[in-house]
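Notes to accompany the following structure.
To keep things simple, chains are lettered A, B, C, D and E as they appear, and every chain counts its residues starting from 1.
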Amino acid sequence: MTNIKLDKFCLVAAIAALLALIFPLTGIDPDSGKQIAFVSDIPGIAVAMALCVITGAAFTWLGVGRIQYAAIILAVAVFGCWQAIGALYGQAVAGHAGTGFWLFILSLWAFVWRGIDVVARYRSLEMAKQQSANILVPIAFGVWLLFLWEVIVAGFGVPQVLLPAPSAIGLRFISSTDILAADFHQTFIKAVISGYVIGCGSAFIVAIAVDRVPFLKRGLLPLGNMVSALPIIGVAPIMVMWFGFDWQSKAAVIVIMTFFPMLVNTVTGLNAAGALEKDLMATYASGYWSTLFRLRLPAAMPFVFNALKINSTLALIGAIVAEFFGTPIVGMGFRISTEVGRMNVDMVWAEIALAALAGTAFYGAVAYVERKATSWHPSFRVRRH
Amino acid sequence: MTSNAATMNGAMGGASLWSRLMSGQAGPVTVVLIALFVIWYVGAVFMNAPTQIDRYNRAGETWTTTRLIEDTLAQERPILPAPHQVAQEMHKTIFATSITSKRSLVYHTWVTLSSTLLGFVIGTALGIFLAVGIVHVVTLEKSLMPWVISSQTIPILAIAPMIVVVLGAIGLKGLVPKAIISTYLCFFPVTISMVKGLRSPQVIQLDLMRTYNASKWQTFWSLRLPSAMPYLFASLKVAIAISLVGAIVGELPTGAQAGLGARLLAGSYYGQTIQIWSALLTAAFVAAIMVVMVGWCERRVLARMGVRG
Amino acid sequence: MPASADAVVDIQKLSLTFQTADGPVYALSDVDLTIERGDFVSFIGPSGCGKTTLLRVIADLEKATGGDISINGVSPQEARENRAYGYVFQAPALLPWRSIERNVTLPLEIMEIPREERIKRGHEALKLVELNGFEKKFPWQLSGGMQQRASIARALSFDADLLLMDEPFGALDEIVRDHLNEQLLKLWARTNKTVAFVTHSIPEAVYLSTKIVVMSPRPGRIIDVIKTDFPKDRGLDIRETPEFLEVAHRVREGLRAGHSYDE
Amino acid sequence: MPASADAVVDIQKLSLTFQTADGPVYALSDVDLTIERGDFVSFIGPSGCGKTTLLRVIADLEKATGGDISINGVSPQEARENRAYGYVFQAPALLPWRSIERNVTLPLEIMEIPREERIKRGHEALKLVELNGFEKKFPWQLSGGMQQRASIARALSFDADLLLMDEPFGALDEIVRDHLNEQLLKLWARTNKTVAFVTHSIPEAVYLSTKIVVMSPRPGRIIDVIKTDFPKDRGLDIRETPEFLEVAHRVREGLRAGHSYDE
Amino acid sequence: ADEVTLQLKWVTQAQFAGYYVALDKGFYEEADLDVTINPGGPDIAPPQVIAGGGADVIVDWMPSALASREKGVALVNIAQPFAKSGMMLTCLKETGVESPDDFPGRTLGVWFFGNEYPFLSWMSKLGIPTDGGEKGVTVLKQGFNVDPLLQKQADCISTMTYNEYWQVIDAGITEDQLKVFKYEDQGVATLEDGLYVLEDNLKDEAFVDKMGRFVAASMKGWQWAKENPEDAAMIVLDNDATGAQTEKHQIRMMQEIAKLLDDDGKLDEAAYQRTVDSLLSGGSDPVITKEPEGAWTHAVTDKASM
């Protein structure tokens, strides 16, 4: 028995690209009744497809064991993507993509997946190399998803008002930075930050008070657990009614949304210190506050950060949804709901992109602080061996 | 020492009914609830007083404090309705109305509940599926995981209307778009917890399976999945609550269609705060009941698995 | 009530019952024991016989439900508040967010001893357990044995006259254990501290102690107290002497009598 | 390559290096060892010397980076795929959601042995460790010692000829340990299995083995292999004989030679 | 029967009584049509729905429809049942707003989501900036109700003659405590609640015929509703799935709506031109940038009146 293992992904890529050369690249123009474009009309895409067939076939036998090989197939895939975009917009394929075109995309998909796969398995003892590989994987995956989105929207000719292509969103993002900045300032800097700080801060203080008074702990916590299961979003119209149109009402919604996760987590965390450690402090006749600061708060930190992370995503979403119920005419939620009505869906997506960026950055920042503050925690520990 | 022993015995044996009540959970919860009601009433009086006084002034009436308090607790469109007003409205719309009527909260609850449950089931399935992929396929772990987290920073709730329209364009109407919004929200906690749960078997247990030369599937069924059960249930409690939020928000834009979200909106549209609050409280009860039911399933399953407690 | 002026721990008819959901657990019953100044007392007995519980009662981490106990002539609570003892738990119980040095000086910090003094005494304690050079490391960067030594240093750092040690060397391998046994004996001989020491190992108990307390379970009782008279500066080699083996044999017999195999 | 037809484990110039972020860790180096059918081999050595690693290489839980190893004449991987051995880990590693019976029959389930047969063999294994009557209990309802016995029953249930045991009695108290030692010896004498046994306790090693392998750390090497010739049906009392003490002394000297105190 | 899906601009209420009456009284059935009415709601944009294929015909305001047309959704007005605008700005007298000259420095509540165009053109006609400032007005995105006025968060709010205005009255404020500015009176009225379809579909003769029957049946419904306001309101209530509407409010709404209705639903070219001019005149930021072409047709109403 020979031990040759065929690389399945490369095989799929090669076959799909081969079929792509054979099947019609585009559909038929409904007006003229003629084929819109042939592979042979567009040298770029023909070359790219041929290249895919060759590399796919080669690596089907060779296997993509090495990182250099992965680099080659990723390079071929990037070239292919570039040609596909060129054909879509430069050669009027947009809106009429046919079987051949989609087979070509499938071939690229197999390449990209296999390439990412190899990079994901890459192991190096050099920190720098390993880290760049670790970052490259999700980025490459994300870029591929954007490409797919672009190609599907353009290829099927999805109306702009339903779903704009990433390129259109990107252009809009760049050309509207002033509006985006103003909205960001209103929603994020004013409402989210203040709501988050007040909500998490007050919950933290209340948690310590609750912890001091066992009666409250027994009485308030079960209710707290219930309240965190509430559709808090429902209070948004009430908050607007109570706190007015400006950012204060949004901050109030955020305070309510973030309060209970923080309360419940902090109280749980304050009880996380082990019995042994508590006994240890007792043998030193350590007082309440001394034990709180030296033992229980440090032990509670992982729980506190857990809540801070959950809340970082909740806060922005809360603010945006609350703007739905009345705002001054600036803010990310305002813009989203207004621009849908104006059929400027690309602007809507630019705001969504901004929200996703801001939310991810916020989460990342909290996660970073967590890593610094609780570097002692087992989950962050580098293995000693 | 002896005195110490005495107090301990005292605490165990002859404790007064009162202190025993208050040392459990039911007692304190009741007290806190009563306190909340008192605050609510006081709040209602204070928040509704300005408009009430305005109204007296406009009508040129004179008023006394007692009358003011009475009137603030009986407004038709109060800023903050009093608990008994909400209770009356809930009684009227839940018990005193035929459940097939469009004015019955039971009917609206059912509409919301059905898409909640559908979304919850799909979301849980999706969440588990993703987690299984992430745990078994390195590439998925590295490429997908960061995007799973980022996906939750997209304000899906704000673009819910657009989603409903776009899904409508591809022929998905009624229950499904709402359920999809629920799905989007509730797969996340399930994925995160299940990844943790499926990874929770200790190295030694995995090694054990290896010494038996167990296949991936055998390891999954006899080790990973059972270990993940506690994590799964913890996340299901979050997921079901969040799924309800999704269904409610998904109903907001569909305006005049049925559901608790539509009730919230319609109440808001006509400034009928009592209606808003009763829809809100109903949603809260539904959420609580669903969480309790998941907890009940959890206890049953874990008990069958022999977990102590 | 104190039996002798020199009694550090004086226990009379002590009993302790835990109230649990399944009914009462009689952890200790009718325990009488006096520990004199300078004594090295080992407690040995099958698992669950109440060794830890007894130590915890002395340390005021558990309240007796009957009988009398006094530490240095006062109640355990007062003794604890006077910081009369150092306690070494079975597990190291180091705080993972503090460096070794800051773990060792934790009790001094709580006693509000000035910083410089703290650091000085911390260094001394670490030197005693041969951990100098590891001050800035974090607990997880040390092996299990080193962690246990750090926790001993912590108990030594504030120089209490009474040391309560609950199976401090349980998790260590035999060689390291032998070595730490030697060190502990030296420290004890030099400083004239009083030590109460729980162990599962018969040779360890025999080697270290001036008095071996053999306990039996259900309810925890003292079934034998064996005095030894090896010199204070005994070496590890005494373990192969007939006297040693004889005492060890007596301990083993006592243990076996109180033991049931199905635990 | 196999040295003798009867060699169950044959190791030649085996070495294993872990690649870590801080640089390579040389866990095993140049290990030569033959275990014959019916041998009871104990591995003893300071913490971190590579005992577990060696056992894991034999079990194909770790891949050697150099040298040759064969189990029953085939590679460790094939041996594992043939289910050639039973492995007892240091901790019981019972699955908490399975009853004792279902824990013990887990390997049989994975080998797709029919239900009735499974239950029969499970019962037999449980009887061997004197746990009959506890089939329906869950692990947490058993004491630590009973759990460890259940895990031994699990390794015995599929009746492999080779038993690999990594400090199976490490966490037990001395009396229970003695008892289980006796039981294990009886089982071995009766079934003529081959056993590879890791321990920290010198008396345990001497008492149980036909061959004691003394190891030293950094990198893990074998520094002494001591053959004993006590009868197969030895009793616990041999531990007080001079021959026993002599072997123990030799082991202790070997250990001390390879030991450094700062671990 | 031919299937027709109608997307409304807002929730089920008497504002759309004609369509519900036509459905309920079987006028559509008589015209061999199988009509589905989809209610709208806040943040449902009818042009988006029709672009996505979710409806055949939509109810929309002309400013929004023309703006969408510029964004590439080729909407064409096929009928205009509402001849007059019901939009107004309602202020509390006590705030001292007497005329548009008093607007600068005030806070005004405005609906967005494509409903802001009439307001914006009015302000640009008055030369009042809408960005806050000393000389400008502060604009609030008004939510779903009249709270901003009642709670004095705004000096004036947008209301419809047939809806929000009465909610203010119901809240206990009397008519003489209010100052209203009707868009009709200010000469800035734009056409509301017209029927729009996609231009491409009109190439199809059968579709034009279907719409002809649809418009005819709908106008019959409107006629009936005008004549029987109480019954029409009850039909609306029957169709409201939230069960939140009240009889009193809907009857009153029907009566007000009746005042705005046209007889035959045929688009008045002059009114169209007025709307377009007003939208084009938006100063630096007009709602539409160029004179629309082909944005309306009489083809359908001509068929309907045959």
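The working rule: contacts are C-beta pairs under 8 Å (C-beta built on N, C-alpha and C of every residue); 3 or more make two chains touch, one makes a residue touch a chain.
All of these numbers come straight from a predicted model, not from anything done at the bench.
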{"item": "Chains contacting each of chain A and chain D, listed by label", "value": "B, C"}
{"item": "Two chains sharing the most C-beta contacts", "value": "A-B"}
{"item": "Whole-Å separation of chain centres (CA-atom averages), chain C against chain D", "value": "33"}
{"item": "Centre-to-centre distance between chain E and chain B (centres being mean Cα positions), rounded to whole Å", "value": "37"}
{"item": "Centroid distance [mean C-alpha coordinates] between chain B and chain A, Å", "value": "24"}
{"item": "Inter-centroid spacing, chain E versus chain C (mean Cα positions, whole Å)", "value": "86"}
{"item": "Overlap residues in chain D, where contacts from two or more other chains coincide", "value": "none"}
{"item": "Multi-chain contact residues (two or more partners), chain E", "value": "42-43, 45, 48, 51-52, 143-144, 147, 151"}
{"item": "Per-residue multi-chain contacts in chain B, two or more chains", "value": "79, 161-162, 165-166, 169, 252, 268"}
{"item": "Residue numbers on chain A that touch chain C, as the complex places them", "value": "274, 276-277, 279-286, 290, 294-295, 298, 301, 374, 376-378, 381, 384"}
{"item": "Contact set on chain D toward chain B in their complex", "value": "56, 59-61, 80-81, 83, 85-87, 89, 91, 93, 95-99, 106-107, 109-111, 138, 140-141"}
{"item": "In the complex with chain B, residue positions of chain A that touch it", "value": "113, 116-117, 120-121, 134, 137-138, 140-142, 145, 162-163, 215-216, 218-220, 222-223, 226, 228-235, 237-238, 241-242, 313, 316-317, 320-321, 323-325, 332-333, 336-337, 340, 345, 348, 352, 355-356, 358-360, 362-363"}
{"item": "Chain B - residues contacting chain A, complex", "value": "22-25, 27-33, 36, 47, 79, 138-139, 141-147, 149-150, 152-159, 161-162, 165-166, 169, 237, 241, 244-245, 248-249, 252, 264, 268, 273, 276, 279-280, 283-284, 287-288, 291"}
{"item": "Chain C contact footprint on chain D (complex, rising order)", "value": "46-48, 130, 143-146, 173-176, 179, 200-202, 240, 245, 249, 255-256, 259, 261-263"}
